[in-house]
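After this come two complexes, each holding chain A, first together with chain B and then together with chain C.
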Partner chain A sequence: MIRCTHLTQRFRVKDREVRALDNLELSVAAGDFLVVRGPSGCGKTTLLLTLGAMLRPVNGSVVVRGQDLYALSSAERAQFRARHLGFVFQMFHLVPYLNVLENVLLARPAPPSPAARTRARDLLTRLGLGDRLEHRPAALSAGERQRTAVARALLNEPELILADEPTGNLDPDNSHEVFRHLQSFQQTGGTVVVVTHGAAADAFATRVIRMAAGRILSAD
Partner chain B sequence: MWLRLILREIVHRKVNAGLSVVGVTAAVALFVAFLTSANASKRETTRITRNLGFNLRIIPKATNMERFWALGYSDLTMPEAWVQRLAQYERVFITFNHLVATLQQWYPVADREVLLTGLAAAITAPEQRQRPMGYQVKPGTVVVGFEVARAFNLKPGGTFTLAQRPYQVTRCLAETGTEEDMRVYTALPDAQAILGRAGLINEIQAIDCLCLTADQDPLKVIRAELDRALPDTKAIQLRTIADARARQRQTVDRYFAVMSPLILVLGGAWLAVLAVLNVQERRTEIGLLRALGHSPGRIGGLFLGKAVLVGLAGGALGWAAGTTLALEFGPRIFQITAPAIVAEPRWLFYACVAAPAFAALASFLPAMRAVSLDPAVVLRDN
Partner chain C sequence: MIGSLYLVLVVAMLAADAAYTSPWHLWQSLQSREIRYAIRLSLLSCSLTAILSLWVAIPIGYVMARQDFRGKSVLDALLDIPIVLPPLVIGLSLLILFQTVPGRLLERVVPVTYAVPSVILAQFMVACAFAVRTMRATFEQISPRQEQVALTLGCRRSQAFWWVVLPQARRGVLTAVTLAWARSLGEFGPILVFSGATRLRTEVLPTTVFLELSVGNIEAAVAVSLLMVAAAVAVLLLIRAYGSEPTLTQGVRP
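== the complex of A and B ==
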């Protein structure tokens, strides 16, 4: 599903150069639930954004589903993200003035069809939000917000979900719930990459790797 | 969905949208108030000028001006056909309005003299809808001045004999205290027959065109055109009337020239700053949409679409506010024009077209900034 070769990312912070990814090599098979663990600032989010076709590496390549992401134009990468990838963020990133259903439908860049609306409703019902469709994010608990974000990630039936600290703002029960939904996606043939600093996701993972200073230290 | 997204965002961020609408409304209101008052002023100037009468007198070039002013008309004549020649000159209606061929001469009646004035039908530009200026005198009829009517005891419906031919009196004019009181107006052919000057006139009366701009010397332009169209004539402009018109027109033009760019710059800056703040506030949302695969065009469309809606609302509200301002305060500023100040619905149409375009233009750079936001940077910052 994913193959990263010599992946290097560098940033300048004031006068200092930071190596966020340092010649990183990574392969993820289709159907994997990969957890990337590491302390803050080790390059986890940078890795996720690079895998998500949003951050062109200084060096190296990212091939997802046989497609070299950064050989595509910006518009083609946007299309690729919409068709094949789903994202879940720590801060949920729900649009505050849209209701739950509309937030999920936002995953469709084109005007949502009736079928998409039905699928969004079904997903939200499956995620326990069937009675919250018309509510705004401000009226939801943190767990409900993250489940809305998971529904949004699942709407386009992606092959890969990239989750950045998806339970960073959740209590253990809600964390478990979110990982369970990601796991059920993985068990139906999807691939999941979660980057996190905690160990809560390990129980759901098929693989766990540890990162520090832009490098992979070990793989379980 | 996209329109709903824009509308929901407007409702959600009421202050930003509200201030944007206020900015557009204020700009449009000032324009509409100004244009409504200025147009009223122009209409009123035209009306007053028409009431004052012709302000251009075109006479034979060889006219002795001392005699002209002593008699009140040129004692030389020119062919009547010249008025047609002038009317057919391609630029005539750029410079002149309402051409009337006249033949005037003091004429003895009994033991008195009247100022016999033959008038041809007025020639106006084909597209002009205004009725021709001056009196329309039918052949066989006369319009008489106040003194003439009094001296000869004339009344409308009676007859007045000139050169042994009776003419029906159609109208007796009110007292003016000028030479008008001594005039007897006839149809031009009648005057030519009475004076034995068939096919001749001694003056073409006209009015200079309002379309001459403030930075031109109207008389210079008129004389240059006249040299081309009728080289054997010269023009006299009644300066008092013409100057009053030019001054009013120039004042209006000057105000507008100063105010327009000021309003546009201030309004544009106001909208642009609010759009920049809006982009700043929505960075995460933009990053999210980019991450979800929404194209830059659609994201730019969110901001430009919002600008268009804000412009539409501001345009409509601005028209209403501007019209109210003009109706309320216009009469105090333009006192002579006051009765002519009326609501002009056509400005609503223009406001609803121009204001959204202006708002979109002012929001263009902030929208481009939104489009160019790097989703990775935004999402990593969060």
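== the complex of A and C ==
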């Protein structure tokens, strides 16, 4: 599903150069639930953004589904993201003035088709939010907001979900719930990559790797 | 205590101006053909300068806030030069620039020096630097994460910028345009050198104040100064009132 070779990302912080990814090699098979674990600042988010066609690497390549992402134009990458990838972030990032259903439908070009509306309703019902469709994010708990974000990521039937600390703001019960939904996506043929500093996702993973200073240290 | 003294000084200064002149002088000034031309040219040139400054400041401010590249600190210093240079030097430098070969060639197509375009260019050189500073600070305060979320939902980078970043930067845009407009209204040094002080040609309101003062017509100079104060305060109030409206109520619903 994913193959990264010689992946390097460098940033300049003041006059110092920081290597967020240091010649990193990574392969993820279709159907994997990969957890990338490491301390803050080790390059996890940079890795996720690079895998998600959002941050061009200084060096190296990212091939997803046989497609070299950074050989595509900006518009083609946008299409690739919309069709094949789903993203879940720690901070949910729901639009405050749209209700739950409308937030999920943001993943489709406006106006969404009746079929997209039906799929969004089904997804939200499956994620336990069937009675919250008309509610705005402010009326939801943190767990419900993150499940809305998961539904938004699943709407376009992606093959790969990239999640950046998806349970960083949730209590253990809600964390378990979110990972259970990501696992169910993986068990129906999807691939999941979660980057996190905690160990809560390990129980759901088919593979755990550790990262530090832009490198992969070990695979459990 | 020191702050209140400063405020008292500002109010006292304006009150002294108002006490020096009378409504009759103000009315007389508004009847003058030259002063009416200066008001029109000031309003036109300041508005054009503010729009041009914004047009330049938004992309530069965005790149400076979001991108790291070699030579960024040099570019940063270059962008600040118009702020730190004495205004007369800016005017002189523009005058010299338009005496060079490329400058003269351009003058053949569009007369700039001692004409209306020179007023706009002189105002723009200073006002734009302030607009760039404002837009950079604005973009630095906006988290890139929401932009990234828009990218994950199928937006291109340009769409994420127009639909997500720019609406969030609305207040900064208003501040930048106000600052550029107000700065242009008060600009005098570069205009005097680069555009001259020709009545009914390159005369803007600060030029009027200078010309009236130089012939000893202090009442008219003060009356025009009060007009400038009134115009500046009106624009500030108008834009602040508009800028304080809720920003996140308009969006494209799916």
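Assume the second predicted complex is superposed on the first by the 219 of 220 C-alpha atoms of A that agree within 3 Å, B and C clash if a C-alpha of one lies under 4 Å from a C-alpha of the other, contacts with A are read in each partner's own complex, and residues count from 1 in each chain.
Assume a contact is a pair of C-beta atoms (placed from the backbone, for glycine too) under 8 Å apart; a residue touches a chain by one contact, two chains touch by 3 or more.
Keep in mind the model is a prediction, meaning the values are calculated, not measured.
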Superposed partners chain B and chain C on chain A - clash or fit: clash
Which of chain B and chain C A:12 touches, first, second, both or neither: second
Contacts of A:46 with chain B and chain C, given as first, second, both or neither: first
Partner chain(s) touched by A:127 [first = chain B, second = chain C, both, neither]: neither
Partner chain(s) touched by A:21 [first = chain B, second = chain C, both, neither]: neither
First, second, both or neither for A:200, with chain B first and chain C second: neither
Steric overlap of chain C with chain B in the superposed model, located at which of 75-83, 129-137 or 147-155: 147-155
Doubly contacted chain A residues - partners chain C and chain B: 49, 52, 54, 74-75, 78-79, 81-82, 87, 89, 91, 93, 95-98, 102, 105-107, 109, 111-112, 152
Contacting residues of chain A [partner chain B, same complex]: 45-46, 49, 52, 54-55, 74-75, 78-83, 87, 89, 91, 93, 95-98, 102, 105-107, 109, 111-112, 152, 164
Residues of chain B touching chain A in the complex: 1-2, 4-5, 8-9, 11-13, 284-285, 287-296, 298, 374-376, 379-380, 382
Chain A-facing residues of chain C, complex: 68-69, 72, 145-146, 148-149, 151-159, 248-249, 251-254
Residue numbers on chain A that touch chain C, as the complex places them: 11-13, 49, 52, 54, 74-75, 78-79, 81-82, 85-87, 89, 91, 93, 95-98, 102, 105-112, 152-153
